[in-house]
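You will see subunit A twice below: alongside subunit B first, and alongside subunit C after that.
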Partner chain A sequence: MSKRTMPRLLQSPAVVLLLVWMLIPLGMTLFFSFIRYVLNSLRRPEWTTPSIENWRGFGNYDFVLGNKDFLLAVQNSLLIVCSILFLTVILGVLIAVLINKAFPGRGIVRVLLISPFFVMPAVNAVLWINMILDPVLGLQGIAVDGINALIRDLQNLPVLGAFFGLWPELSPISFRATQTSAYAVIIMVTWQWTPFAVLIFMTSLQSEDQQQKEAAILDGAGAWSQFRFLTLPHLGRPIAIVVMIQAIFHLSLYAEIEIVSRGNGNKNLPYLIGEFANNNIGAASATGIFAVILANIVAIFLLRMIGKTLME
Partner chain B sequence: MGRIVLENVTKSFGDAEVIPPLDLTIEDGEFAVFVGPSGCGKSTLLRLIAGLEETTSGRILIDGEDVTEVSPSKRGLAMVFQTYALYPHMSVRKNIAFPLRMAKMEQGEIDAAVDRAASILNLGDYLEKRPGQLSGGQRQRVAIGRAIVRQPTAFLFDEPLSNLDAALRVGMRLEISELHERLKTTMIYVTHDQVEAMTMANKIVVLRAGHIEQVGSPLELYRTPRNLFVAGFIGSPTMNFITGEEAAKHGAQTIGIRPEHIAVSASEGTWTGKVGVAEHLGSDTFFYVHDTGLAETLTVRATGEVSFRNGDTIHMTPREDLLHRFDAAGERMA
Partner chain C sequence: MAIVAQSSRTGRISRATLAWIVALLFFFPIFWMVLTSFKTDADAVKPQYLLFFTPTLDNYLNMTDNYDYWRFARNSVITSVFATAFALAVGIPCAYAMAFNPSRHTKDVLMWMLSTKMLPAAAVLYPMTYITKSVGLFDTHFMVIVVLMLINLPIVIWMLFTYFKEIPREIIEAAQMDGVSTWGEIREILIPLAWGGIVSTALLCFIFCWNEAYWTVRLTTTEAATLSKLIEGNRAPEGLFFGRLSAVSAAAVGPIIVLGWFCQKQLVQGLTFGAVK
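Entry: the complex of A and B
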């Protein structure tokens, strides 16, 4: 046995296990996406078992592309993922910079800031949609009522009343509606994932070189220039990490969409896969392959963009 | 111009007074070195001048103008840091251009200034590289380049060579001295290494616990140290101190004699002892002599190759005219 055979041999179980773990599901998905395979069919009982006999070629892909919900689901996936990434990165950087300086009670503030991340996604969705965003019973409804009452009071003022008379009466937004349910998902997931971004950026800020900052101060850089030319480039890599990890997680959002609107006008790709998988496994698998392709495009595109803008 | 005056400057961190009231004048064009053991407040003093620390009381004047409350960037000073503090994601060119860019200078002027600085420091080949791709010495040169493009009224160096290896340090020491000759700008240089202080300075400021122990030219400090601390700090190897009877003979509490002011002989001399370790440097030989009855160890320098070995008896004669006498308080006696 040569010197290198032994280590290879010892490594092989782990490598094989990982390969099997990845390749078998991917291979099965690919296989199912090219055959007719449904869970239940009285007319064609032979389609209920996966078999090469039922080969359909790109028929499942054609079917998915022709589905009226598919394009909407892709758009929605991208809208939700990109909005969440945009918001969490900006909020994360701002909050991390804000709490980077020492102040009394910083430890408690940090723990409180991290805590949303420990709420379960489904619980998060239920809390937001029922207790906060609900147009009647939620905080939103109460707040809108309060503002409207205040404006009515102001309209009764002697002189300024006329001015306030020009203000419209606010009406609460229903976040379960077709047009707005995606925004509800964006808001609640942003709330939950901003702490993740804050956590990563905070640790990175701790390692920022203070002498570089002092050098920049002597070089005449103000607070904004220091942030723009030192802190932001320093955060380049952590931002890339946050974007990568979140892109992976949020492309597969499911619980929030289910709870907010049951996919009504607000499907993303995983939700569409779920709907197909009620019966049509072939179509669900084809959608799954589309989702894999989309995830790769998003990851590559986003990382390039960040790399270009932040590194000088 | 670059005359820096400190008037009654103090600095405290909480209750701890790091710099007790201190007065100091650094003339225009001088190369002043703050030297002292670690924790003596020399870096704090430099940061006070730079404006990176606020003075607790007292005034700092640059060219007669009170800058105590002026922000660091408006003081017209440039600083070179121990860790270089280069901006890691910018090329060397952008690093050097940064202060000019912050000053909203035109791009054409910036390029000209950067090229000028690069040619002074031989950085032409590295302008498009990142700091991470450079060696320690090159990084230090970039840091100096970033300082000189601004044409500051004074340069501040905070232990700039302590992260370099010994050979490079000697080279950079020369380069900085040459830069001073060339620019004739005031420079303030902080170091704990008395060799750097002796070789580079016009004026050495010896500090201990925030106090100025002595200010003077390198040779002044070498010839007439004002007290035991300065005498022990300046000069390498350090001065021999002898107390007791031998000192009393000279009417002092302590007498000091530098290793290079003792003549050695195999046969006769004022003092006798046994050679411990001998360090042969070729040009010089240092003997560490024990059992003299004067002090634990006496260090003696002999020029050239002298053949005393470990355990040999050695006779030593100090040069009486170069003997330093100190009183009970450790102050120099006339």
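Entry: the complex of A and C
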């Protein structure tokens, strides 16, 4: 056996498996996106079998682009992903800097902070939407009731009561509603992924050049300018990586959306694909191809960045 | 000078306090879930029993009656364990060859493997449903195991590759000189030397399999349904069952959170594909 055969043989199972996994389903999606294909049709039963006879060209793409749900889903995907990215990066940097220096109980703080990341998405969504955000029975409802009761009590005070009489009665927000369900998803995913950002920024901060920092302190640099001119540039690369990895994960958010609102006013692309796939496979596949394109735009940048450090 | 020391001391104390507050806030929802799991369903929605209540274990004791918890848990364990084992079985030889006999294409192959991870699952939802249904594997452990293994294989290979690269090449080359077979090299030298790395890769892969919530929900109905599917199916209890739902949720995530504590460091390497060290 030649020197190169063995390594190839060892790699082949993994390569073949991943090749099949990628090419066959994606190839089918591509094919279905160009034909008329529905699961149930009394009027056109010939459309219920996938066949080249039912060629539709870019018709499914036209249909999807003209569908108002598609535009909403893209907007909503972007709103959710961008908000989560913004919040997790800001919170992540702040918390990582906060716990970078040693203090009593730092180990426990780390353990507490990282925990949300390991909660399964389905539990995360059920926990937040019911036990915390529910407007009546959740903590939100209980807190709002409590504050309202407190204000009512304060209104009975002599003199000061008149002042508290000006305060409005608070009303809880229903996070299952059309306009607000996206915010519930943003809150719960931010809670889950901020620990991830913290962990990565913290790892990166540990390799920060301490001598440079000491030199800056001797030169009279304040805490803010140390942060602004040393720490933040040092975190540039990890921030880029956190942004891209999260973008890829969050573009395919599904369980949270399903649990919070069953897509009520709050569809993202994966959810819309799932809905189309209940009957119109052609449209589901065309939407799928759009999702692939969107993910690829992010993936190309990420892969380039990872590729640079790969063979070091 | 004394003033500087003084202010930096209060600074330190306030930083530590703030760090603790932030950590407790982040942990609070988990704490709340566990606390609620010890309340009866009736008590769980009454504000007067918010913090002080008579704790009960009923929610945990009745998990089988209420939700058939153990069947779902068994499915989660079976699918996650086998998916992890297969991913390692395929991944170890592959990462070994890549780390010790790299060719011009190794880098491209690794990048391509990663790119399969970035394919949005939803895009291939229908073809996967179609394939699994037409070969009669819909809602079977086997299918869930295969899918879980495939979606985690790139991360497994990637992590193993970064661990294997740290082993000095001379050790492997010396063994090759001595005429040890490839299988012998992997079993006698590679696995013992990289044991720590292999274990953390396995743990992380197991966690990802356990928490997966797209394919396990879409490709199963009852037979192979995992805990994700169980929780997803009880999404809106309307406050009636907060106690029992908390118990089943806490049971589903508890072991994984504890496992996660042990592989924080590896998580960074595994999730950033070695780009942050």
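Simple rule for what comes next: the second predicted complex is superposed on the first by the 272 of 312 C-alpha atoms of A that agree within 3 Å, B and C clash if a C-alpha of one lies under 4 Å from a C-alpha of the other, contacts with A are read in each partner's own complex, and residues count from 1 in each chain.
Here is the rule we use: a contact is a pair of C-beta atoms (placed from the backbone, for glycine too) under 8 Å apart; a residue touches a chain by one contact, two chains touch by 3 or more.
Treat the numbers as computed from the prediction; the structure is a model and nothing was measured.
Engineer: Pick one for A:P7: touches subunit B only (first), subunit C only (second), both, or neither.
Structural biologist: second
Engineer: Return first, second, both or neither, reflecting whether A:R110 touches subunit B, subunit C, both chains, or no partner chain.
Structural biologist: Touch status of A:R110: second partner only.
Engineer: Residues of subunit A touched: more by subunit B or subunit C?
Structural biologist: After superposing on chain A, more of subunit A is contacted by C.
Engineer: Would you check which partner chain A:L137 touches, where first means subunit B only, second means subunit C only, and both and neither mean what they say?
Structural biologist: Only subunit C is touched by A:L137; subunit B is not.
Engineer: For A:D209, decide between first (touching subunit B), second (touching subunit C), both and neither.
Structural biologist: After superposition on chain A, A:D209 lies in contact with subunit B alone.
Engineer: According to the stated criteria, A:S225 is in contact with first (subunit B), second (subunit C), both, or neither; which is it?
Structural biologist: In the superposed model, A:S225 contacts subunit B only, not subunit C.
Engineer: If we overlay the two complexes on their shared chain A, which of subunit B and subunit C does A:I273 touch? Say first, second, both or neither.
Structural biologist: After superposing on A, A:I273 lies in contact with subunit C but is clear of subunit B.
Engineer: Take the contacts of subunit A with subunit B and those with subunit C, and give the residues found in both.
Structural biologist: The overlap between the subunit B and subunit C interfaces on subunit A comprises residues 311.
Engineer: Where on subunit B does subunit A make contact in their complex?
Structural biologist: Going through subunit B, the ones touching subunit A are 50-52, 72-73, 77-79, 81-83, 85-90, 94, 98-99, 102-103, 146, 150.
Engineer: Within their complex, state which residues of subunit C touch subunit A.
Structural biologist: 12, 15-16, 18-20, 22-24, 26-27, 29-30, 32-33, 36, 45, 47, 50, 90-91, 93-94, 96-98, 100-101, 103, 107, 109-131, 150, 153-154, 157, 182, 207, 210-211, 213-214, 217-218, 227-229, 231-232, 234-237, 239, 242, 245-246, 249, 252-253, 256-257, 259-261, 264-265, 267-268, 271-277
Engineer: In the complex formed with subunit C, which residues of subunit A make contact?
Structural biologist: Those in contact with subunit C are residues 3-4, 6-8, 10-11, 13-15, 17-18, 21-22, 24-26, 28-29, 32, 95, 98-99, 101, 103-106, 108-123, 125-132, 134, 136-137, 139, 142, 145-146, 191, 194-196, 199-200, 203-204, 207, 237-238, 241, 245, 248, 251-252, 254-255, 258-259, 269-271, 273-274, 277, 281, 284-285, 288-289, 291-292, 294-296, 298-299, 302-303, 305-307, 309-311.
Engineer: Along subunit A, where are the residues that touch subunit B in the complex?
Structural biologist: 209, 211-212, 214-221, 225, 229-230, 233-234, 236, 311-312
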